[in-house]
Amino acid sequence: MAEVTMRVWRGDANGGDFENYTVAQNEGEVVLDVIHRIQATEAPDLACRWNCKAGKCGSCAAEVNGKPRLMCMTRLDTLPEGPVTVTPMKTFPIIRDLVTDVSFNFAQAEKVPALLPPPMPENGYVMFQEDVQRGQEFRKCIECFMCQDVCHVIRDHEGNKQHYAGPRFFIRYAELEMHPLDTNDRRDLIREEMGLGYCNITKCCTEVCPEHIKITDNAIIPLKERVVDAHYDPVAWLGRKIRRKTKRSASDATVQPAP
Amino acid sequence: MSTTETSTKVVLGGTRGGPDVATLRQDRWWIQPVITVSILTAFVIYSTWAAFQNRYYYVGANVGRDLISPFYSPCLASDCVPGAKAGFAFNGWALSPALLILIFPLGFRLTCYYYRRSYYRAFWWSPPACAVSDAHSSYSGETRFPLIMQNMHRYFFYAGLVFNTLLTYDAVRAFRQPGLGYGVTVGTIVLSVNAVLLWAYSLSCHACRHLCGGGVKSFKAHPIRYRFWKLLTPLNAKHMNLAWASLVFVALTDVYVRLVASGALTDYKLF
Amino acid sequence: MTYEHHDYDVLIIGAGGAGLRAAIEAKQRGLKVGIVTKSLLGKAHTVMAEGGMAAAMGNVYPEDNWMVHFRDTMRGGKYLNNNRMAELHAKESPARVLELEQWGALFDRTKDGKILQRDFGGHRYARLAHVGDRTGLELIRTLQQKVVSMGTDVFMECKILKLVHDANGKVAGCVAYRRPTGEFVTFGAKAVILATGGAGKSWKFTSNSWEGTGDGHAMALWAGAKLIDMECIQFHPTGMVWPLSVRGLLVTEGVRGDGGVLRNSEGKRFMFNYVAPMFRDETAESEEEADKWYDDHTAGRRPPELLPRDEVARAINAEVKAGRGTPHGGVYLDIATRRSPEFIRRRLPSMYHQFMELAGVDITTEAMEIGPTCHYIMGGVQVVADTAATAAPGLFAAGEVAGGMHGANRLGGNSLSDLVVFGKRAGAGAAEYIEAGDLAGPMNQDEIDAAIAEALAPFERESGENPYDIQRDLQEMMQANVGIIRTQSELDDAKVQLENFTERVKNIKVKGGRAYNPGWNLATDLPAMITVCKAVTIGASLRKESRGGHTREDFPSADPEFGKFNFAHSTNGGDWDSEIVTEESPLLPMPDELKALLEEAK
């Protein structure tokens, strides 16, 4: 039976170090399988977060050989020879071993002004496939937060966490802004408080997305263009003036409760 | 003792896990930045040199051709070589006519979402590659001057459309060979391919995709804009390839015209 | 010992579809609501549901209505269902699906802009509202975002150890520990809603995640509620069989709904040989007839691949046993030869990626190897259909942890709608219970202290067994003895072995500290797992017939006498190792108008 050496980060907020484990490896196994084998044999207290082991829940994100990966979807036979390095996501504070405190993301989720649709007709809303499909791409998100982890805006600049929502929430905002029923306007909020301007579209979020969501091309850039519409485009501004379209701001919108 | 959770707070400064190193990546992540730097630097050096040459940018009636380099079209200086001159001219412009116009295509590429990605990574190292540390200690992204000007991309896009029209006109005009009638030469093909690539690059632009249809909330309510958006979306996915192809080809077009104009090469007539 | 304490009107244990829907309902009624989940918010097992949620909206087939859905559910459940639950579910699920769109869900659409519905096993009409093959994710994300926008308190990675009573035996709260720190926490609540999901992790080949340990089933039993139908376990016919590391991973029934067929190693569509008499009238007899059906349900009868899950799982099992299985011990699920690659990628994107990335199989060109996998427990806490109230005052249950709705076998797509229909009802039931007054007093401190002491015991032992070894052995034993096909001698053996496991659990030694220690967490899961396994085994050994998700080799056919009652389990004592007492609990009498619906169908 083949063996693999795993270099796993062990530690907590007080510090830590790599520990090497050499364990058996069977055909077709993923990183999470051998982490489980380490737990079941040498280190029952090795902390790692996981749930579905099928790439559907996004719990087991960690960094494998320095790159954010879902441990359950990373087959060992796709990795180069030699020890496999597994570390916790770097952007978030460590809890223990491979588990990090991802509450940053839940704080961001609380700030999102909800969908504000018109009252529902008795037989449900009428929406068309071409109008729901853009949002559906973003709703594939499994909230593994690897895009947040890899985003250098907060990975390398801790202070930006105060005023930057991150790629996961940009796709959420894009979904709402493209929702055919939504009547909220979040463009001011996105520019001023969610820090869309901090994104310099280096596309790492798209590269790591396990759901292959085109985060940058289909969400962030369209949002940037929407912000340009609202703030940096005098032609569009003039057009709005002429057509007397008053611009609603997100702060007004949040006052209106969703049904 | 009884407490209730209030809203979740963003806490800064928590201890992070893993070793304090720039990256744990073992693959050759530096290859991409190296390639980007090489090609862009080569292009900048060549185009600067070519723009300041102020000669060999036009192949005229003396050899039965009408080929103009894209770097010099439209030729707006009063001392442009005969035949190359556009209908309008700046009197008293003493420098190369290329310098009058290159700001527009340059601005379009400089503010292009794809090139931004590339040069922020390769030149500014912010970040050099994914999960490799940013080379700078502070970072404000595109929220301040000068980088907030990136939001002007769509104006350069509009200008780019004007240039594409002019270069298309140049390419079409090249088929009419003074004194020889109509014909196809290597030069006409070069100019045509250049125009097509520039159109493809412009139309695949993210701003274009947004303006044509991406900006609407309901496609169902805007069927024509939806059709445009559907056409542009696959093109947009190729924006990177088109950015490189059109960049390299526009330089090659200038090289070709320059070689023919200087007499080093004869523009071969195909039929 | 000091620890955190919180008080709520309604405390909801579990943040899957049922828990979140209950929270929304209770919150909308102005109550103070707390949600506790073992994992992070949005990771619950609901995300694993793929195919869709059943609701007779009639968007694709206007002939469809709640009466047909009711009949399908009862037939699928082999008439062991709580008929009132099946009725409420069939009547209310369309409204529950529609309201999700108010909160942001985006289902796939019909051409005229309504919610598209797809075919699934056991449903007469195309009835499953869906989003590609990730409907569960859509459901949980929608509810999660709604709950967050309402400002609800959510305690993540917080594991409930035990429910706690007041001095008079009413459920008054619970004791838990926070996984990141290992610190204990107590919750006082006027009403507690269990929405803890299933129990499939006690089997070796399962589609359940580590969370499916049956905590809610066990806690309800210990707290004085009753469990019914525990022997009825659904083995989903299509789980992955290779590579071994993903064996059991679910392959959505949507593959068959969208045209996929089952073949044995000889390439034969074997399902035609396994049509039970009950379904013969409505099932196609030839491949030609079956293939016509996909495009027009009136042109032919249903393909046998779309029989209810229990039928298909047994057929696959029989084919493999007869030596016509694949190299890895499954059968082939083939959609590659029947649908275009574009169609497959569009309709089944996550299946495409799952096979590509985990097995290196391109399902647009190759057949999948699949076999039955433990998927769902029909059995659960006995509840009052209208209010979700259990026999323990102050305790409610909804979702997979509740029993009765699905009878002996659940139809695909009925679980997601079950979650929202009865999640809402549980929230309302709890609210009405609180309004009626007569609530529990303070929690009994002795119970709290005992639960904490029990949780800490594995640290204090000088030596003992690794919890992972016990879990592995338990899974192997349950797979072998109480698996898809059961027989008396194996069940008797299982009962003896479960007593051994009980002793082994009392001798667990946990290494390391309390902060995020998965070994310790498993040690706290094992009492619930063993309790559930005992109830399953007892029920399986008493039910001397085959019905739905319970198949006995020694009693291969259904016995009408056993169709008149559920086996209901309760406990003497309330400790995790207290003896389980089982009785026959007669089925809810069926009103004549519902009987008439079933008669019509025959």
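Just so it is clear, A, B and C label the chains in written order, and each chain counts residues from 1 on its own.
The rule is short, and it goes like this: a contact is a pair of C-beta atoms (placed from the backbone, for glycine too) under 8 Å apart; a residue touches a chain by one contact, two chains touch by 3 or more.
This one's a predicted model, so the numbers in the text were calculated from it and none came from an experiment.
S.K.: Mind listing the chains that sit against chain B and also against chain C?
M.R.: Both-contact set = A.
S.K.: Could you name the chain whose CA centroid falls nearest to the centroid of all protein CA atoms?
M.R.: A
S.K.: Distance between chain B and chain C based on Cα centroids, please, to the nearest Å.
M.R.: Distance between chain centres: 56 Å.
S.K.: Distance from the CA centroid of chain A to that of chain C, rounded to the nearest Å?
M.R.: 28
S.K.: On a C-alpha centroid basis, what's the spacing between chain A and chain B, in Å?
M.R.: Comparing mean C-alpha positions, chain B is 31 Å from chain A.
S.K.: What are the residues of chain B that contact at least two other chains?
M.R.: Counting only residues that touch two or more other chains, chain B contributes 7, 220.
S.K.: Could you list which residues of chain A touch at least two other chains?
M.R.: Residues 97, 101, 106, 110, 128, 179 of chain A each touch two or more of the other chains.
S.K.: Among the residues of chain C, pick out those that touch two or more other chains and give their numbers.
M.R.: Within chain C, the residues that touch at least two other chains are 113, 151.
S.K.: Show me the residue ranges of chain C that touch chain A in the complex, using the header's touch definition.
M.R.: The touching residues are 39-43, 45, 47-48, 57, 98-99, 101-104, 106-109, 112-115, 131-132, 134, 137-138, 141, 145-146, 148-149, 151, 156, 180, 209-211, 242-246, 249-250, 350, 353-354, 357-359, 466-469, 472, 510-513, 515-520.
S.K.: For chain A, which residues are in contact with chain B within the complex?
M.R.: Per the touch definition, chain A meets chain B at residues 9, 11, 13-14, 16, 18, 63, 65-68, 80, 85, 87-94, 97-98, 100-101, 103-104, 106-108, 110, 128, 130-131, 150, 152-153, 155-162, 177-180, 182, 195, 197-204, 207-208, 216-217, 221-222, 224-229, 231-233.
S.K.: Would you pull the chain B residues touching chain A in the complex into a rising list?
M.R.: Contacts found on chain B: 7-19, 23-27, 113, 116-117, 120-121, 126-127, 130-131, 133-134, 138-143, 147-148, 151-154, 206-207, 210-211, 214-215, 217-220, 226, 236-237.
S.K.: Name, in rising order, each residue of chain A that touches chain C in their complex.
M.R.: Per the stated touch rule, the residues are 12, 26-30, 33, 39-41, 44-59, 73, 75, 95-97, 99, 101-102, 106, 109-110, 112, 114-115, 117, 120, 123-129, 132, 135-136, 139-143, 176, 179, 181, 212, 258-259.
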